[in-house]
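Note sheet for the following structure.
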Amino acid sequence: MTITAGIVGGTGYTGVELLRLLAGHPQVALQVITSRAQAGVPVSTIYPNLRGHIDLAFSEPDTEALAACDVVFFATPNGTAMEMAPALIDRGVRVIDLGADFRIRDLSVWSDWYGMAHSCPALAAEAVYGLPEQGRDAIRRARLVANPGCYPTAVQLGFLPLLEAGLVDTGQLVADAKSGASGAGRQPRQHTLLCEAGENFHAYGASGHRHLPEIRQGLEAAAGHPVGLTFVPHLIPMIRGIHATLYGRLLDPSVDLQAVYAARFADEPFVDVLPPGSHPETRSVRGSNMVRIAVHRPEGGDMALVLAVEDNLVKGAAGQALQNLNLMFGLPETLGLQGIAVLP
Amino acid sequence: MTITAGIVGGTGYTGVELLRLLAGHPQVALQVITSRAQAGVPVSTIYPNLRGHIDLAFSEPDTEALAACDVVFFATPNGTAMEMAPALIDRGVRVIDLGADFRIRDLSVWSDWYGMAHSCPALAAEAVYGLPEQGRDAIRRARLVANPGCYPTAVQLGFLPLLEAGLVDTGQLVADAKSGASGAGRQPRQHTLLCEAGENFHAYGASGHRHLPEIRQGLEAAAGHPVGLTFVPHLIPMIRGIHATLYGRLLDPSVDLQAVYAARFADEPFVDVLPPGSHPETRSVRGSNMVRIAVHRPEGGDMALVLAVEDNLVKGAAGQALQNLNLMFGLPETLGLQGIAVLP
Amino acid sequence: MTITAGIVGGTGYTGVELLRLLAGHPQVALQVITSRAQAGVPVSTIYPNLRGHIDLAFSEPDTEALAACDVVFFATPNGTAMEMAPALIDRGVRVIDLGADFRIRDLSVWSDWYGMAHSCPALAAEAVYGLPEQGRDAIRRARLVANPGCYPTAVQLGFLPLLEAGLVDTGQLVADAKSGASGAGRQPRQHTLLCEAGENFHAYGASGHRHLPEIRQGLEAAAGHPVGLTFVPHLIPMIRGIHATLYGRLLDPSVDLQAVYAARFADEPFVDVLPPGSHPETRSVRGSNMVRIAVHRPEGGDMALVLAVEDNLVKGAAGQALQNLNLMFGLPETLGLQGIAVLP
Amino acid sequence: MTITAGIVGGTGYTGVELLRLLAGHPQVALQVITSRAQAGVPVSTIYPNLRGHIDLAFSEPDTEALAACDVVFFATPNGTAMEMAPALIDRGVRVIDLGADFRIRDLSVWSDWYGMAHSCPALAAEAVYGLPEQGRDAIRRARLVANPGCYPTAVQLGFLPLLEAGLVDTGQLVADAKSGASGAGRQPRQHTLLCEAGENFHAYGASGHRHLPEIRQGLEAAAGHPVGLTFVPHLIPMIRGIHATLYGRLLDPSVDLQAVYAARFADEPFVDVLPPGSHPETRSVRGSNMVRIAVHRPEGGDMALVLAVEDNLVKGAAGQALQNLNLMFGLPETLGLQGIAVLP
């Protein structure tokens, strides 16, 4: 079986990573990739690493061409997928949106954070949040998957075992998160120039970041009730990788955190719980779809400390999208996603 | 007036930074710099940036030569200063130790963390902790100053206003701290190779780091009672800079944090409280003795969020040592420390 | 004596470096700094490292305010200085242009490379090329100084002794040059994003770079006849620094290159000839106005190999401009330029 | 068919890259990996990216275990392979040495550069230099392959078309080469610390580098006569990648360089000649076995300029070793080597 795929908006970092992964997937054939700005330009002109692997050129967005695919990925700025996806879904195409259009259930919250009205409430209600570790079955049946954000993936996976088992005081969770600059995209902007972001470190969005409501929604689903979360993202002077440092006060400090995490993720192909005492490195997942997690209880006290790393472009974006595709089409979940992290 | 100075152990990063700053100080004359391994080698051979500025060569440690100085800096591995300082102090030399030998008041705590017995309890009791913002007067009179660690400087300065004014729940403070690799020193070690530390990010010492007891001691002095602190350091893929992200639960969320911080540091020449909404960047203090701090209350809730940056080699080491020298010898506190951060 | 200065267009990297250096110069008072885009914004808002050092705000370009200065620096895109400088010079202001408007004597060559007609041929003929090591006296008397480009400074200083003494075959000189990304400026452009320029290395402009005619002009002046030069620039994944690797075939391999270079630069305050066998590092001049040079004759053959490093923003731009100011106003040439490179 | 393989000395960067590639090769089964220092330690403890992919532990060097393999790779310091390989070859094991023991035909030259006598001249005479693009057939039949060095691979492939066709003056070739720090290995050494090699650029070995005789040997084989070569390596502040900038004076400037290169490498699976005007980026081959080459004739003159990039750990080491294995065992040459460069 070959699944035919299309990509809308593939010139950014999420797009090139999706192309790299699709080129190595044995059962997906990329048929079309659109970009208004680059229409007519071979993909490999913009991304020379794909020379010899991807022969397509970018094309103008064309609903007919996209509708002929089994699945279409949206790697577009927020607001695009909600305009284009309905017509495709009506024609039987399954859609995976790597943007934020369908991630938030409460559309008034969505509008507050994304600064526009939602044009497609019905599909938003139907969309399935694509975090396989939290809801694999629903993804299998979904027509429309909202692929999670990069920070939300790491933070939710790190907190899930604590919240699902009711182990921490959910009133005062802290997620101190750090990301490489590729999370900010390929659009030229001053603050992500090498001379601005290199040899430098700072927080941003301390008063509120768009990933906060998405994370909170997921944590509340896991906990079964509202949670109090402080989320502070920081920019690391590097390209790929997210490190989430998570703090939660244990209700019962005698719990065996290592055992809880090992059990929770025992069957998960893309979550690796490290041995006690570990400090996961972002490079250990660079280019791969793995999340690696370590748990600590500093000085044996009542604070649970969770360290989680992912590649923001893979498990935090394109890899997870492909994992969702595998689920949606009944393929082995790990197909095309077994690449080993490139280290050093 | 010219103050004559000596340095014991000046081949590391703290040493070269001290040399750079001393070369620009109008009232200090460097007389001697010792290094057993590099005896006879001109300083500028190892550090070509000093060519034309420092003509000295490293010499064998020699008590007579050091005793002829007004002040001696120790930039040595832990355990050296406590052996050599007593003889110098007996002969009237004032000592500034950039290592950890005299930082911890409780010597049993010190021994636990540093893995050796303290050879000099009397001096340890007399030593003054050299954080000018917390105890300027005692430093002026000190014969022996224990220069604070790099993380402790940033974390203490960030937390002080909250603790001195009793504004937060001191039972659950969190200090999520990040440092460039120069904090790990110039000794060749695998984990600080470019190929290990570059394009990578991870926590370390999550189960306990030597700076934890030092920080706790300072915070408890400020609060007037024991505090509960979780301190997690991380390694940033860059050379210079520390970023401390500090979390404390406000007892009364209506407090005007900005005003509290502005008032507390109004007269401090080396602490800059940024305007509301700021995110200090480590590069804004690179090569300078400034600490820049911003305060936030995310989503207007009850969490105080403090962001503090310093150059770990300047305010976190050599610059603060020079600030202490200025205090000890009655010079203007900012003398030789007015250099502007190099940006970009 | 205090010299009053103005800056036109100070928001880029050359501008902020000029501000940093001027703030430390004891005899220059900055009166005005213009930026159409940032008019009204305090300089220290854009460059927090200048907080407490520069109190000015950017202002709209205003000829009256500029004409009241003793000297005006242009740190503007090419084409601006040739429009604005004439009126200032007419009113007795001395001008230092950090752009390229007045660097090339042959205006048809200039027009070919810069893509516009020159609006001010008379001043172009009068302008003095501001490389003090090549023509200090003319600079002292100049009304208008064309401050050299970053690559040209390093390449010319490296080649000068060979060409002035007629030691090499000038028909086939090779300058393989490498620069940090700050040379490309602070305008957001895709290829200087951290995610594009980081962990990456490549040549650019191999078919011709604007600095080529400027370098050739200088080398020909030194040689006294036309030269054949291949100049290939590369982008280094770092912020500051240029490394020029220069190759010239010796006409007489028995010449003592080390002695030639040592003699040529013996009296130059900002050119440091390293001991035989050295490999200068860009970081050894980071933030300083020094050029460091080493000479080799690989395998004792007939190839002269010259390695030269500079900080592209200092000796390659703002520092050299200040050096020129010192010469123009009869100040000690090194005034305000004694800062030591920040290392590590 | 499954080929059983062993690795001697797999703890360095060449080793981990070989492990990553072998884990993805469908017809090689890794049986044994030795390391005296790490015997008993699981490979994935040292290299967490291999968790779940490589279950082996390092073992003590054991000739019996190695002799049971079809092929053994040596990723050892120079001098080890020449001691251990003979016994293995005698027992029918085929050997690929990633070190330098068998690269140089003239053993007196070898001894001069590597500072030891060669213990195994007979095998040195038999060994086949493993650059498939230059001698594929001999590799197929070889019992012992000397895998080329990283610089030599890039420089030779870049120069080959010019030399084979006699297009340039071979008396004055220049190879200005730049490498990421992983080429210097994983042994802790001061000059490759992040704080020394980061934000810094410099040449090294300007008076002579071990790769020089290896390159010269290859170029002379291609040219059919002695060549004059100046080779200057530089250290780039990044992890992976080599960029060779090659200069040769054309005997007849009217030659169509682009056509020459396109024809020469038309059938090579791992050499990609870029379109005219290109500047290959090291990141375009990061993690892949490709070499990408562009040719220029600056200003249409008589200088041939060749720009070549490779990943020093892949085509410059482990990937080329696997390519050689494929040739030696009659497998498709590209098997297991189709991975796409990770970009950004």
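First chain written, first letter: the chains are A, B, C and D, and each begins at residue 1.
By definition in this document, contacts are C-beta pairs under 8 Å (C-beta built on N, C-alpha and C of every residue); 3 or more make two chains touch, one makes a residue touch a chain.
Here the structure is a predicted model, which is why all the values come from computation and not from measurement.
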Larger contact count among B-C and C-D belongs to C-D
Distance between the CA centroids of subunit B and subunit C (whole Å) is 36
CA centroids of subunit C and subunit D: separation to the nearest Å works out as 39
Touching at least 2 other chains, the residues of subunit D are 13, 180, 182, 186, 195-196, 198-199, 237-240, 280-281, 283, 286, 344
Contact graph of the chains (line, ring, star, complete, other): complete
Contacts from subunit A onto subunit C in the complex sit at residues 13, 180-182, 186, 188-190, 192-199, 237-239
Residue positions on subunit A within touch of subunit B in the complex are 172, 174, 176, 178, 180, 195-196, 198-204, 206-208, 228, 230-232, 234, 236-241, 243, 245, 247, 249, 277, 279-283, 286, 294, 296, 298-299, 301, 303, 305, 307, 309, 344
Residue positions on subunit D within touch of subunit A in the complex are 13, 16, 20, 23-24, 47-53, 182, 186, 199, 239-240, 272, 274, 280-281, 283-288, 290, 292, 338-344
